[in-house]
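What follows is chain A paired twice: with chain B in the first complex and chain C in the second.
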Partner chain A sequence: MSELEKPLRAELTVEYPFTRTTGKVIGAFMTGLREKRLFGIKRSDGSVLVPPLEYDPVSSEPLTEMVEVSQSGVVETWTWIDPPRPQSPWDDPHALALIRLDGTDTSMLHAVLVGSRSEMRTGMRVTAQWKEERVGHIADLEGFIQETEEVHS
Partner chain B sequence: MSAELTAVLGVGQTKYSSTRGDVSIAGLCREAAYRALEDACLDWKEIDAVVIGKAPDFFEGVMMPELYLAEALGAVGKPILRVHTAGSVGGSTALVAASLIQSRVHEKVLTIGFEKQSESNATWALSMPQPFSVSINAGAGGYFSPIMRQYMSRSGAPELIGCMVAFKDRQHALKNPYAHLHQNDLTFEEVVDSPMLWNPIRYSETCPSSDGACAMVLGNEASGDRAENPVAWVHGTAMRSESNNFPGRDEVNPLASRQCAADVFKQAGITNPLKEIDAVEIYVPFSWYEPMWLESLGFAELDHGWRMVEDGTTSLSGGELPVNCSGGVLSSNPIGASGMIRFAEAALQVRGMAGDHQVDGAKKSFGHAYGGGAQYFAMWIVGAEKP
Partner chain C sequence: MTDPNSTPASLSEEVEIPESISGLEPVRSVRSPIRLIYDFVPSPPVQEYLRSYKKKKILGHRSPIDGAVFVPPRGVDPRHGVLIEESVELSDTGHVGNFCITHLPIPGRDDLDTPYVSAWIHLDGANVGFLGLVSGCENDEVHIGMRVQAVWKEEEELGNTAENILYWKPTGEPAVPIEKAGNRAWDQADE
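Now for the complex of A and B:
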């Protein structure tokens, strides 16, 4: 096929700034991250959702009772990422895990930052590691690290 | 087997404003949905399905927002459907919801339209650059203005008819607590003196950019009979589409608009719309579309729609056919909700629940929405009595 016969193709990059209004519940969670604090929300049966939801996932009732939760918890399931893709926020090999924080009833997806796959196991205890500079974003939480005996006791 | 009779059991609206910075999209939709349920005296559990509509996702930058709204709209464990037909979406969303009742698939359906225009810039979203074409960044006003000039030339309408529509709708809006624009001190002269944006459209002849949501609860005949508040019965529903560019297209009076109107009036058994309809809510984002649609829909003779503006026929203050008593799109424009507001306001009129902008004794009303380059049309007729 000659150049003239080829259908034309062109790049199209769409780029535009949006604003996102978080509302009170998600807003409180984000503000907490900036202050190195983790917040969940309590349902009418006492169970706690982290990250919080604005409306009950079963009854659809509005949820309003924010509660501060533990920064430590248990790895429920995980996978090992090696090497991370270029777009990944983490440069080094790491685990992506579902982590259930102590006293909460849902798990959240985040990284577990350990040196090698052999250090990972389901049921291991981990604790939050924060960035020095925080802006109110989920990435303020750098990831989770293995809980040391000192923290555990 | 004939279609199940369908009733509007409840209506809920948010106060339309330029920025609802206090709520997320979910919170905004929840507010309207909750009010519609309250009006219908129903609980979330009694709703069978949710039908949601909004304009392009680019308007907020949340892709497929319906997927995260299930909890907020009480749709957990139920079907939730998204409708999109550009600016007419609020109307077509209500009609899709109605069809679920008419077909006896469901008994009670919650339907909602929303837009949070403060989260982006709709003009940009409508004018995305495309490869191999020059963007003229006309925006909706630039697109429609030459068509309005064609109408003026065809009909011989005086230059200030558009200003009269805009002033009338802003006066109507003062009677509607949910309207975005409440311009108490606005004078006709100020409308005329406002900056010319796209001749013949002045700034004051354009719609605002609004955040807001509008919801309705629709039900079958049995739920309409049981309802505690007055209901509006659906007498006719129609949708039509056409391409925005084909040989012989009449941009001023699109074929799809005429066919859609003919269909909906036929269903409702209406032969003289001007005499038989008591209140009208038509989609008028730019002032001149009021006379243009009045003609296309059959409320006015061709080339005579502007006379109904000039002689006050379309005014709530004693006019024979009050148009956009709510203040219309010219006074509130959360785009994805704007069509549903027209349909909901038509229902409020025949329920006798339109408050200060009520047309006395309204028995039959007409709700209308259009979208794209005047390509997509949705219409319904509702009545105080069963069809």
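Now for the complex of A and C:
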């Protein structure tokens, strides 16, 4: 009976099933996602924030003018995710990038799918890829893929 | 810069929703669950405690300071900060020290039919209670001081887990007087 017992271990999960109310601004952004459209919000100086905020980050003034923005933009910076995480949109390695959509003034964090890490670079042009089934959630936007020449020209 | 002392303006009701989505049912809420999955490796006293469940035994730890018995065993007396090495086998009988009737389902616990009773079970010979379900009687019959006994799973289903105890059922013995139930018994022992 000198057999050494292996220590017990168990996988435990702590989970909080939150549902958050969105308000008008974030709600409109989410509604847009469901409709395959991207919306930002305009500041008093004409600059556009994507995703939209309810208040101006500098003056604290309420923001009200929502505008539709381009579905293509430029990768400002990125990191490589390998192996993919449970929340990743794809089962393959991919990038997480800050993407500045054309005509907007902030960058948005989302996933970028390319064939390999060597194809990923700062400054590359990407375009939105949508899920078939959308419910009004940020994951409706599956991520971004490299923009093809046709789209660019 | 923003004056931190100024009162923030209330959220404007005048948000201009773009025409392309203005006629649509708006999204009003999003699900955003937070999940933490982790690997739990119990400390040596808890390993021993969990293994003993497989033999339908409940282990406690006896304090070297005053003999108080803790369950589950943690290896220390938290009142005095001293190590405990003496295990004691406890009876699977005790009384309800306190209880709560829950009417709302808990996400992820589909095995619990509401309303159910969770209770602090004070085992005979232990100085603290531990949590368990009380069943085998009407919920409104559960009371502080009620004598209970563990209902165990079938032999072949026993594992290294406290889940071996399905619930605690009333024994029908005379109740522990309320002034001696739960941690009150310990308070009086200290006097």
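Following the convention adopted for this analysis, the second predicted complex is superposed on the first by the 130 of 153 C-alpha atoms of A that agree within 3 Å, B and C clash if a C-alpha of one lies under 4 Å from a C-alpha of the other, contacts with A are read in each partner's own complex, and residues count from 1 in each chain.
Throughout what follows, contacts are C-beta pairs under 8 Å (C-beta built on N, C-alpha and C of every residue); 3 or more make two chains touch, one makes a residue touch a chain.
These numbers were taken from a predicted model, which means no experiment stands behind them.
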For A:62, select first, second, both or neither according to whether it touches chain B, chain C, the two together, or no partner. both
After the superposition on A, what does A:89 contact: first (chain B), second (chain C), both or neither? neither
Touched partner set for A:53, first chain B, second chain C, both or neither: first
Counting residues of chain A in contact, which comes out ahead: chain B or chain C? C
Tell me the contact category for A:20 with respect to chain B and chain C: first, second, both or neither. both
Where does A:12 make contact in the superposed view: on chain B (first), on chain C (second), on both, or on neither? both
Contacts on chain A seen with chain B and repeated with chain C across the two complexes: 8, 10-12, 14, 16, 18-24, 54-55, 58-60, 62
Residues of chain A touching chain C in the complex: 5, 7-25, 27-28, 30-32, 34-35, 37, 39, 54-55, 58-68, 136-138
Quick check: in the complex, which residue numbers of chain B touch chain A? 20-27, 30, 44, 58, 60-61, 71-76, 116, 118-121, 124-125, 128-132
Hey, which residues of chain C end up touching chain A in the complex? 1-2, 6, 8-18, 20-21, 24-42, 47, 50-51, 107-108, 160
Spell out the part of chain A that touches chain B in their complex, as residue ranges. 8, 10-12, 14, 16, 18-24, 26, 53-60, 62
